[in-house]
Amino acid sequence: MKKHAAVISSKEMIQENICSMTLQTDEPLEARPGQFLHLLPPGEGRFILRRPISICEIEETECRIVFRLEGDGTKAVAKQNSGDKLDVLGPLGQGFPDIQSGTVLLIGGGVGVPPLLAAAEQLHKNGVRIQARIGFADQNQVMLVEEMEKWAETIVYTEDGSAGRKGRVTDELETDNGFDTYFACGPKPMLKAVEAKAPASGYVSLEERMGCGFGACYACVMEKEDGTLVKACLDGPVFQSREVLL
Amino acid sequence: MKKHAAVISSKEMIQENICSMTLQTDEPLEARPGQFLHLLPPGEGRFILRRPISICEIEETECRIVFRLEGDGTKAVAKQNSGDKLDVLGPLGQGFPDIQSGTVLLIGGGVGVPPLLAAAEQLHKNGVRIQARIGFADQNQVMLVEEMEKWAETIVYTEDGSAGRKGRVTDELETDNGFDTYFACGPKPMLKAVEAKAPASGYVSLEERMGCGFGACYACVMEKEDGTLVKACLDGPVFQSREVLL
Amino acid sequence: MNRSSVKLPGMDMKNPILPASGCFSFGREFASLYDLNQLGAVTVKAATPEAKRGNALPRAAETTAGMLNAIGLQNPGVEKVISEELPPLQQYDVPILANTAGSSPEDYVYTARRLSRSGLVSALELNISCPNVKDGGIQFGSDPESAAALTKAVKEVSSVPVYVKLSPNTSDITGMAQAVESAGADGLSMINTLIGMKIDVRTGRPILANTTGGLSGPAVKPVAVRMVYEVSQHVSIPIIGMGGVSTLEDVLEFLYAGASAVAVGTANFTNPWICPELITALDTWLEEKEETVSSIKGRSWKPCMSAL
Amino acid sequence: MNRSSVKLPGMDMKNPILPASGCFSFGREFASLYDLNQLGAVTVKAATPEAKRGNALPRAAETTAGMLNAIGLQNPGVEKVISEELPPLQQYDVPILANTAGSSPEDYVYTARRLSRSGLVSALELNISCPNVKDGGIQFGSDPESAAALTKAVKEVSSVPVYVKLSPNTSDITGMAQAVESAGADGLSMINTLIGMKIDVRTGRPILANTTGGLSGPAVKPVAVRMVYEVSQHVSIPIIGMGGVSTLEDVLEFLYAGASAVAVGTANFTNPWICPELITALDTWLEEKEETVSSIKGRSWKPCMSAL
């Protein structure tokens, strides 16, 4: 973990409320897919907590993030322009495992998709076969489809059917025996459904509210099946399926 | 008084800690010299009070302000770039009177100089003869000299002698009988010295801490000689000399 | 019925938004900016029996996301408030909430009698918690018994409903609220300012001439919301919630917490048009969501409703 | 003598900067970022007699210039704190201030005895004001008599100096401070968090699972500075000041207000390197101004000194 005064090298709104940003750091970030950056929204003391955002693409000192404008913090970050500096802590957390063979199914919902793109690229390098099911509320939330298709056989879902298949990423999961393991990232109800339905075990990445992001505040403590406690920021955000109670 | 989403059309640091900015408003500001703008530093709720800054030059929808970087607010404003918007309330307060003849002496200290430049231009249009004594701590604070020399016979002072004459704007004031009235703006000790020493009466512009800037909060209430109370923001910032107790 | 309208003791409000005392003077400055008829009500600056000149300058300072004030209850005295300040407000079809302060129960009783009988005000707001004058009644603000006695005394003389404005500088806000409710208060206003201070690091000395001042603005909102949330579950009189309101989300937060109306203080200084802006935003929101102010009131603690 | 060094009961500090309890865990995460030997002292997370699992999630929320937390005193219990958490800190030449909490005087006495006799801590800090657990001792935080009794009981068993951490959720902080001073407290820590809450406007429900939480960060600084200013003029034991510190100016403000040392809480989350950064900035400032920590302490209320 390091603090970087990252420079925004490009910014694009890829949907009305989804921002794609490229950040340039002094040193290579040396991040793994599934790890995240912790961004401090600019505002002279207005913002106290950093915002966890997954790494979506990474190469040496350049890194891409894709995030949805939710509240004031992500809006303030999205207002910045290329050339502006951004206070970034990272990389943080444990990423996805470095699978070397077989077929991996990527299951992403909404802003859970960006980290899966990083994973897809890595898995592709490893020679793994990749399938992807990515789901969104509607066509205005759809993102990263072309990028994903570069690495994976991709099925797009929207809840209202306005793009791709109508339905959810978990809809045909129970009967899908074409993968050895999965990487899932998205809202908690989706992850629960994935764990319940997937015929194989896999890995889930949690989007828990965080304080510090590096283990110091205990804001993100979750319970494992055996009753022991883990920190989503430090021991996660990626866990084995069913490892922690959702 | 109106609220303007002014656009910064140019920004220049004219000294290490002095910023000159040109603002473009939708409608003409229709401001008088001595009136001020109330700027809200950008920061998503970080800043609560606006910052009063005098109008330094004005023409139709374009207006120049010159301000020193003091605390967080002025620093946040100075960080903005041309093209950025600035939330501006104004024009506020009572300006200098519209003198039409005779000789006016302008006496300015530090950031008290900018409003006097606006006054000089107006007085020049009115055909008034203008003299100016402007003083600064040292050469790194000196500003607006060339602009002032366009309209007025100007004497520059610095306290340490690093530029212009060594000394203060009030140094030779007692014996100066070459003016009919004066406009003074600067820190309170300077204004007190001016009132004490000037052989003629004049007008002083006060730099009081303000809350609202338009008469609603009572943060800037001062006492007149006769015991009545006035608001520096609404009844001032320009008052007749000795009108209010400094 | 209008989605926004609310009926409080003495005040039939078109909407739940009103400016907070001390942040709207007596309305004059704002009347030149917009039509005051838009407001739910107007709270005017505190009146004391005699004129008060207020504290020495500086009286205001900024803190991170907040401001400190130590105005010191400057006002021309209750007689002039009645003869000069309140009459211009009569032209508007808007309830007037008259804030009063004092240093003894007699002071409150005196101004309350004068104001309520002037026929110019819809209700009274007892500021039992001004932190900025030595004798500003702060003792009433932290002791339930004195607060209750004061409320009772004022209720006896007042011909209009009485709201008691509570101080957050206490360890038991619910106890205070219940005490004044039992004493007959018709409503509560909360919160007044927290006591704070700022030191000028260039000089090492307090910035405010009065040393300490009242902290207001977004910084205090979490404290205010918590207190409204707590108190609204333990009293049955309505609450005018306030403290750091500057956005539609803030207004909703106070209504969800259990406030019946929402007052806007400091934000009037940052943006003089904030009240009508919030009123429009709330109207639009209620329309869109097909909600009413009364349906969302207290939603944060009421058992889950179908509307959710 | 070093310009920055300060001597507090039980703690010889190289400089007046220490992390605040609960914002530094037991130091492990920070030890991998910088050399903890730089710190004036370390305050560790609260220990309770038995392990505590803490509250349900979410446990943290952001407010304007502040944060709310309701961690709920999660900790492995005093025995494990002694056997696992404190030993790694012994390698540093830094005093350790051990925070303790409980729901009864017996709890405090038990942990105080165990911790003070472990030989692993320099002083104790009694958290008599945790707002986030039902039985978190909040009653001790607002009643001077219970606070004094608790202090006395702990002093009797503790072999190291005892600091009492005061809650700002009170109308009389000076009374609290004087009560625990008379009961034998060696120092004061102030302030703990203000009780606050935030409602999610999308759902209308409180964001924190615990409903309310403790408010910290720059938003509360004016309240903290005011309390340190007030209390430091009425007690003779040293004060560890805290609440919203994140810049050199903030550190100076607390020292000017009368604090002997300054703790940094929430800012450790925003910027994990904040403590060493502030230490360097303070050193440089003291050097430049030719001042010492003790010379500037209390300057806001001390009679004018030649140094100004």
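Per-chain numbering from 1; labels A, B, C and D assigned in written order.
Methods note: a residue touches a chain if its C-beta (ideal position, glycine included) is under 8 Å from a C-beta of that chain, and two chains touch if they have at least 3 such contacts.
For clarity, every value in this text was computed on a predicted model and none was experimentally measured.
With every chain reduced to the mean of its CA atoms, the largest distance from chain C is reached by A. Which two chains touch most often is answered by the contact tally, and the pair is C-D. As a whole-number value, the distance joining the C-alpha centres of chain A and chain C reads 45 Å. Rounded to a whole number, the gap between the C-alpha centres of chain B and chain C is 36 angstrom.
Between the Cα centres of chain A and chain B there is a gap of 53 Å.
For chain A, the set of residues that touch two or more other chains comprises 45-47. In chain D, the positions touching at least two other chains are 63-66, 218.
The touching residues of chain B, when paired with chain C in their complex, are 1, 3, 40, 45-50, 73, 89, 208-223, 229, 234. On chain D, the positions that touch chain C within their shared complex are 63-66, 68, 141-142, 167, 169-172, 194-199, 201, 203-206, 211-212, 215, 218-223, 225-226, 229-230, 244, 249, 252-253, 256-257, 296, 299-300, 308.
Taken in their complex, chain D has these residues touching chain A: 22-25, 28-30, 33, 45, 53-54, 57-67, 69, 71, 74, 217-218, 246, 266, 268-273.
Those residues of chain A lying in contact with chain B across their complex are 41, 43-47, 72, 76.
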